[in-house]
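Structure first, then comments.
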Amino acid sequence: MRILWFVLSPLMALAVGLFFLGLSRRFMARIQWRVGPPLYQPLIDILRQFTQKSVSHGPLFDLGVVLSLASSFIVVLFMPLGGTAPLSSSGGLLAVLYLMLLGPLGIALSGGEAANPNVSIGISRKLILAVGYEVPFLMIVLALMTYYGTISIGEIVAAQRESASAIASFPLVFSGIAYLLILPAMLGVRPFEVVGAAQEISSGPAAEYGGPYLALATIQHGLTMFIGISLFVNLLWGGASNPVVFFLKMLVVFAFGFWVNAAFPRLRVEQAVRYLWRWPTLIAFVGLILVATIGR
Amino acid sequence: MTNPLGTRLDATFKGVELRSGVDGRLAVVVPREAIVPVLTFLKEDGYDYLQLISCVDWIDRGEFELVYLLSFYTEDEVGRDGGKQEVLLKATVPREQASAPTATGVFAIAEPHEREIHELYGIHFEGHPRLTPLFLDRDYEIPPFRKDFDTKQYVADVFDRVPPIDEEG
Amino acid sequence: MSLGLLLIVAFGGSLLTYLLGKVSARTRDAFAVLISLALVVMVASLYGKAFRVPFYGGFLGMPLVLRIDGLSWLFAIAASVLGCLSVVFSLGYMKGKERTSFYYSMLLLVIAAMLGVVLSGDLLSLFIFWEIMSWSTFLLISYNGGPALAAGMKYFVMSFVGSLAMLAGVLTLHGSFGTLEFTGVAAGMSSASPGYVLAILVLFGVAFGTKNAIWPFHAWLPPAHSEAPSPFSAVLSGILIKMGVYGFLLLMFVIVGLRTFLSLGVGRIEFHTVLSIIGAITILLPTFIAIFQNDAKRLLAWSTVAQAGYIILGISFGTSLSVAGGMFHFLNHAVFKALLFMVVGAVEYRTNGVRDLDSLGGLIKRMPVTFIVAVIGVCGLIGVPLTNGFVSKWLIYKTLILERSPFLAFAALFGTWGTILYSYKFLHNIFLGQLPQRYEDMERAPFTMLLPMTILSVVVVLFGVLPGIPLAVIDTIGVSFGFESLHVTPWGIASDTGALNTVNMLVAALVGLVVVWCVFRSGARSVSVGQADSYAAGAAVPRDKYQYSVRFYAPLRRMMAPYLKDFVDSFYMRLAGWVRGLGDGLRRIYTGYVGDYVMYILVFLAVLIFVQIAWSPW
Amino acid sequence: MDRNQLMKWIKAPTKMAHKYSLNAVYFCTGCGVIEVPPTITSRWDAERFGVVPTATARQANLFLITGYVSVKTLRAIIRTYEQMPEPKYTVGFGSCTINGGMYWDSYNTINQLDKYIPIDGYIAGCMPRPEAIFVAVTHLWTLIDKDMADGYKRYRKNYAAYRANQEMILGEMEWPPIFQTEVATAITEREG
Amino acid sequence: MRELELYFGPQHLGMVGNFSITLKVEGDRILEATANPGYLHRGFEKLMEGRSWIKNFPMVCRINLVDPDHMEMIYAMGVEKLAGIEVPERAQFVRSIYLELARVSSHLFGLWAYANMLGFDTVSNWAMYHRDLVLDLFEELTGGRVYHIYVWPGGVRRDFPEGFTDRMVSTLHSIGGCVPDYDTTFFNNKLFSERARGVGVVSREEALAMGGVGQVIRATGMKYDVRKVDPYAAYDRVPWEVHTRDDGDAYSRICVVRDEMIESVHMIFNLIDAMPEGDVYNRVPNPLKWKIPAGEAYVRCESSRGELGLYLVSDGGEKPHRVHFRTPSYAHGLAILEKTLVGANIADVGNIMMSMYVVAPEIDR
C-alpha cells in the first residue's frame, strides 16, 4: 500500500496542482468578465515549453530547477493525501518545514547563475516575503505540534479524526484563522505576488527561464499551491479518509485563498511583510500562547 | 509699440527689437547673446512657464531662428484677458558654426528641448549639461531636420540599398 | 598511547616549527603538516579509552592530572582534525606572507593548547592551558596588524575578564574542597549548597561564555573572526570558541552533575531555563545582524555567534535529545563553519584579499569546485535535510516541541529562516550573478586549499546521511552524563513521537532527482550561452553593471534596522575610554618579538603563583 | 473538441501545443500596440486561444511586431527575437512593417522588416482591428499545421545574410553572432 | 561596490509604449534615472514639411496613439488660425463633444495602464472593456476605431448620424453606472491607496519649474486647464469644473483622472443640450492647391494628459515650413519623471510613470 502511494501521491499532486493553475486562470477570467482559457491550458503550455529550445547558463542553471521540483515532490511524499504518507517516519513536520524551503532555494541557485539582476531581486523578495509569512506560519505549526504532542503529520491527522478537526477546537481556531490569512502569501497570489511581479521586475526568478526550465518552474508553482493547501487540510481540517474527499476539501480552501487575487493590487514587499507581521502574527501568537498555557 | 513690458525691455536691453506679435503675443527679437538675460528678466517678471523652444531653418537667409515661447501659470479662468501678454522670444543663429547659449540655467525644462534641437539641427548649446543623443541611434552627416537634408534621398541611399534575403541561397 | 607524549609532541612540534622556519621554509611546512597529522593519528588511536594519569607531580603541591574520556576525545579529535586541515590550507594561503614561521608555530601552539584543555584532568591544568590558548589566539588574531590589532585587543580585554572570573572560581573551589581534580571537585559539589553551586556556575559561565561568545559576551567575536587570517578563522570559529562548550559540558554534567544542574534555580526561575533563553537570544539577534553584513567573514562571524546559540540552547535545555543535539551541532558547526571560512579564504586568496560582498560576484564561473563545497557548507549551516546540520537541529527542535517549549522552538526555527537569508546572500554575492571583468581570467583555488575543503564537505554530507556514526559516540557521552540512551540507528533516531530516517529521505531524493532529471532531459535540448546573453529588456547586457548585490535585503533592512542595534556592543563601547586606555598601555608592551611574549607569559604565570601563595588561607 | 481536433492532438501533440499556446512577447514596438490591450482583455479575450503576453522573450514563442520599426527599436527587436527560444513565430503588424507604410520616407524607420528578421505572416492595414489579430492567429495555426511557419529555420539558415543586413543599418552590434554560420547550416541539415 | 544598471523597457511588461528608462540602483532604491526615448522617433515634423497642408491630417493623428483626436484638433486649429478660417458654431459643439469622448477613452486607457502596473488585472480589464464601448461610438461616427481624422479645417467631416446622441448618452450612462464599482474596487481600495499614496510626490514648485501640465500640476492643487485659461471650441459655452487634488502623489493624479472622466461625461451631456442647429463645415479652398499665407502661429489645447501646443510656421507655400508640437509627455517623461524617480523604489517605476500618464510616441514624435 505504501509503495502504491509512493507513485500515486506525486501524480495526484501534479494533476491537482496543474488543475489549480488552470482553475485559477479561469477563475480570474470570470471575475474580469472574460471567458478564459480552457482548464487544461497549463498542460498545453507545459507541453509547448517542453518542446522549445531554450538557453542554459550553466550546469547549476539546470540542476537548480530540477532540485527545486524534485524537492517539491519529496514534500508531497510527506503528506497523507487521504491515506498514509509514504515518508511518514522520516522526520515529520520538521523535515517538511525544511524541505519546503528547498523549492525556492533551488530556483534561487539556478537563477543566480543566470546573472540577471531581475532574478536576484525576485529571489531577494521571495526570501524576505518568506521571512514575513514564516513568523505566523511557524507559530501555527508549533501550536499544532505542541497541542498534539507529536511532530508527525500522520499522527496529527489521526488525532483530529478521534476528536474534532483542529480548526473547530478551541485554542487551535486561532491558528486556523491565521493560516487562512497567510495562505495568499504562501501561494504567492496577489496582493502578495511580489516575487514574480511581471510589471516590476519582469517575472523575477523566471525571467531567464524558457522552454523546459519554464515548464518545470510552472509545475513547481502548481506543486507549491498544492502543498500550501494540503498542509491546511491535513493539519487543520483533519485530513480525509480518501483522496476524493481530500481533493474536495482542497478545492474549498483554494477558493478561499484565491479570491483575494482578483480583488487587490500587488503590494510592495515591505508592505506585505508589515501586513503579515501584524494581524496574522498576532492571531497566531494568541493561539500559541493559549496552547502553551492551557494545553490539551 | 505702447506695450509696458516692451518699453521696459527696450529700456533694459540693447538691440531688442519688438515686433507685432503672433495672435496677441508680444514678439521680441534679441541678439544671440541676450537670450539668457532676457529670459531671466522675463522669468522674474512672472513668465514662469517656458512652453517650447523651437527652431526654424531659414535656409534662404542662411540662419536658424530659435523661438522661445513664454507663458505663465495661472488659475485665473480668463488668463489671456487679464491684460498680460504672452511672449515669443526670437534669436537668430548663423547656419555655419551654429551655437547659442543654453537656457537651462533659467528654465529646467529647457534641457530636453535644447538636447533635441542640438540633435536634430546641430546647434550647439554652450554650457548645456548633457548634449548626448536623445532620439537617434544612427549618425547622420547633416542633422536630419535641416532643410538641406533630403529624407527621400536618404531612404533610397540607406534603407532601400539593404538587399532582400535570398531564401534559396 | 600516553597523554603526556601527545602533549609533548604538540607543544614541541610548535616550538620546532618555529626553529625550522629559520632553516628552510619548505621543511617547516612539511614538518608542520606532519606534526598536525601525527596529532590526528595519536588522538584517533585513543578512541574509546578512558583513564587518567598524573602528568606532573607537584605544582604548588597540587598534582597536574591528564585524563581522557568520551567527551574529551570528541573535542580532541575535532580540534586535531580541524587543526590539521587548517595547517594544510595555510600552505597555500600563507604563501608569500611575512612572519610565516611565527604563524605556523602559533597555529600549532593553539592546537596544542586546545588539546591540553580538553585532556586536562584538573582545573589548574585546565586553567593553564586555557591561558596559553587565549594568549596565542590573541597573537594570531592580531597577526595582520592595523584593524586586526584593535580586534585582538577587544578579544584580549574580554578574554581577560573571563580569565579573572575563572581564576576566582578555581581559587574558590580549591579553598572549599582542597583539590582541583574533577572527580574530587564533583564529589564535593554534590553536597554543596545550591547557592554555592550557582555562584561557581556563574563564575565559570562568564569565562566559558566569553570564549563561546554567547550573548551578551559576544562583542569580541565579529571583529576578531573577520580580521584573523582565514585558516585561523576556521580554527577559531570551528573549534576554539567551542572550548567554551566543552567547559560548559564539563561544568554542568561532570562537575555539577545532571540532577543538581537541572534542579538549580532561584525560586521558580530555573538556571538552565535562563541559560536556554540566553541561547535563544543568542540565536535570534546575531542571525538578523548577520543578514545585513557586507563583509563575508564578518557575516560568518555573526553566524558563528548565532550557531553557538543553538549549541547552548541544546545543552542547557537538559534532555537527552537536546544535549545530544547540542553536542552534535557543535561537531557539525565545527565542520561547516571551518569549511565556509576556508571558502572565503580561497576567494580572498584569488582576489587579493577582497572579501567585500558588494564587489564580488559570478565566481562560480572561475571557481566551480569552491562553489560546490560552499553550497554544501551552506546547506549544512541552514540545516537542509541530508546534511549534518539538519540532524542536530532536528534533535533540538524535536525535544523543544515535545517538552512544550514552543517559544524556544520558535526562536530556533525562525533563526533558521534568518540563516537562509544570510546564507543565500553569502552564496549569491560571491559566486552567483555577473562576473566582474577584472576576474575574468582568474585561476581556480590551489590544491592545498581544495583538499581540506573537499574533506570537510564530504563530512558534511556523510554525517547528514549517516548521522548514526557521530551520534553513537555522542550517545555514549550522554549516557555517561546520566541521560537515557537515544536509540540511535545508523540513519537517525527511532522514536514513537516522530522518528528520523535519513536513508528514506536519501532514497526519495535520489529517485525524485533522477525522475525529474529524466523528464527534464526529455524536453528539447537547450543551448549553452554565456553571461552576456541575458534578458536586459531588449538591450545588450551592460558589462560589470548587471549585478544586484549591494544592499541585497534592502526592504527588510529598512524595516528591521531600528531594532537590530547591537546594544550590547554599544554598552561595551561606552566603556571605550577605559578599555582604550588599557589597550594603549598594553599595546606598548607588545614589541613583536616572540621571546618577549613568552616572557610575558612566564611573568603572568609567576603572578599567578604569587597570588596562589599570598591567598593560601583559601 | 471535435473528432478532427482529437486526431490532430494524437498525431502531432507538439504541433498542437505550439498552436494553442502562443505566448506573445510584450514589446510595444509601434502604434499597432494600441489594439493589443483590447485583444487580451475582456472584449476579445485572446486568452481563450492561449494567447497571453509574457514578461520576457525567453518565455515567449510569438513576436507581434506592432507597427513601424525605427532604427533604435530594430536593435531591440533583433535582440529580443534572438533571445526567444525556438520554435518561434513572428507576425508583422500593420502596413509599416511591410513596406514602411505611412513612414516610407522617414529617415529613422526601416521600410521592410523581413530584410532584418524573418516574418511568418503580416497583418495588413493601419490600424488592424483586434479581429485582424485573431485572423492572423488562426492563419498562423494553419501555417504551423503545414510546417510553413518556418521563420526561425530560415533565420538559422540564412543567418549570415541577416546579420550582414542588420549590421548595414545598425553598424557594429553589441553582441556577437548567435550562430556560427557553418554550425547553423549543419543543424538545419540534420533536422531537415 | 558594484553599480547596478537596470533597464526598464523597451521590452518590459511594465512599460506602456516603446520607451526606456535606465535606472541606476542601489538596493531597491533608485539613485539615478535616465530617460531614453527615441524608440518611436519617426521625424514627424520633418515628414510633415514634405507633405501638403491637407495631407498632413492622416499623419498628425498618428503622433499619439492613445489620444489622436486632440492631435487632429490642434493641427486644425493651427491651420485655421494661419489661413483665417471661421468654424461654424455647431461644429464647435461637435468638436467639443468629440474631444471629450476622446478624453474619456484616453483616460480609460490610462486607467488600464495604471491598474496594470499595480497588477490589478480586474480593474484594467474593466477599463479596457469600457474604452472599447467608447471606441464603438467613434467607429460609428467616423468609421475608424483608433484613428479618426474627423476634425477638418473649417469644422468636422460630417454631422452626427441619426440617433447617435441617444446611443452616446446611453453608452456613457452605462459606463457611468460602473463608477461605484470602480470606486469600491479600486479608488477606495485600502491596499491600493497604501500602494499609491505618498509615491512619486511632485511638489507644485517642482512641477511648475519643469513645465508640468495636466494631471501632474492639477494633482498639486493648481487649477490650470487650457480649456479654462484659453478656451477653444465650445468649452466656454457650458458650465464645468476643473478638478484638483492637493497631495501631488500618484494617488492624487489618478484621482484627478477619475474626476476628469466624470466631469467630461457631464460636460458632454451639457454640450448636447446646448448644441445649436446649423452647418458643421465651412468650405476651404481646393485642398490640393491650397496655399496658406506666410506667418506663424502658436495654438494650444488641453489634451487628456495636459497642455498640447503647436507651433506652426508657413512660408506661403503649399506645405508647412515648420511644425513643432509641444506635447505634455515631453516635460513629464523627460524632466519630471527623471527627477521623481530618484529615491523611489524600483517597485514603483511603472506606478509613477503611468500615474503621470507618460505616452512614449508623444515624446519621440
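Things to note:
Letters A, B, C, D and E name the chains as they come in the text, with residue numbers starting at 1 for each one.
Note that contacts are C-beta pairs under 8 Å (C-beta built on N, C-alpha and C of every residue); 3 or more make two chains touch, one makes a residue touch a chain.
Not measured: the values here are computed from a predicted model.
Any chain touching subunit A that also touches subunit D appears here: C, E.
Under the contact definition, subunit B and subunit E share the contacting chains D. Ranking all chains by how far their C-alpha centres lie from the centre of subunit D, first place goes to C. Ranking every chain by how far its Cα centroid lies from the centroid of subunit A, the top place goes to B.
A count of contacting C-beta pairs for A-E and for C-E identifies A-E as the more extensively joined pair.
Centrality by Cα centroid goes to chain A.
Work out the mean CA point of subunit B and of subunit D, and you get 41 Å between them. Between subunit A and subunit B the centroid-to-centroid distance comes to 60 Å (mean Cα coordinates, whole Å). Separating the centre of subunit A from that of subunit C, both taken as means of CA atoms, is a distance of 36 Å.
Residue positions of subunit D touching 2 or more other chains: 27, 41-42, 54-58, 70, 72, 75-76, 80, 83, 85, 105-108. Counting partner chains per residue, subunit A has residues 32-34, 49, 51-55, 117-118, 121, 198, 202-203, 207-208, 211, 268-269 touching two or more of them. The multi-chain contact residues of subunit E, meaning those touching 2 or more other chains, are 4, 10-13, 15, 25, 28, 38, 41, 43, 46-47, 50, 125-126, 129, 364. The full set of touching chain pairs reads A-C, A-D, A-E, B-D, B-E, C-D, C-E, D-E. Residues of subunit E that touch subunit A in their complex: 4, 6, 12-14, 25, 28, 115-122, 125-126, 129, 185, 189, 191-192, 194-195, 345-350.
Chain contact summary for the complex, subunit C toward subunit E: residues 356, 358-359, 361, 436, 536-539, 542, 544-552, 554-555, 557. Taken together, the subunit E residues at the contact with subunit C in this complex read 1-5, 7-12, 15, 20, 25-29.
Those residues of subunit A lying in contact with subunit E across their complex are 28, 31-34, 117-118, 121, 190-191, 193-194, 197-203, 262-269, 271. Interface of subunit D with subunit A (complex): residues 13-14, 16-18, 20-21, 23, 41-42, 45, 47-50, 54-61, 83-87.
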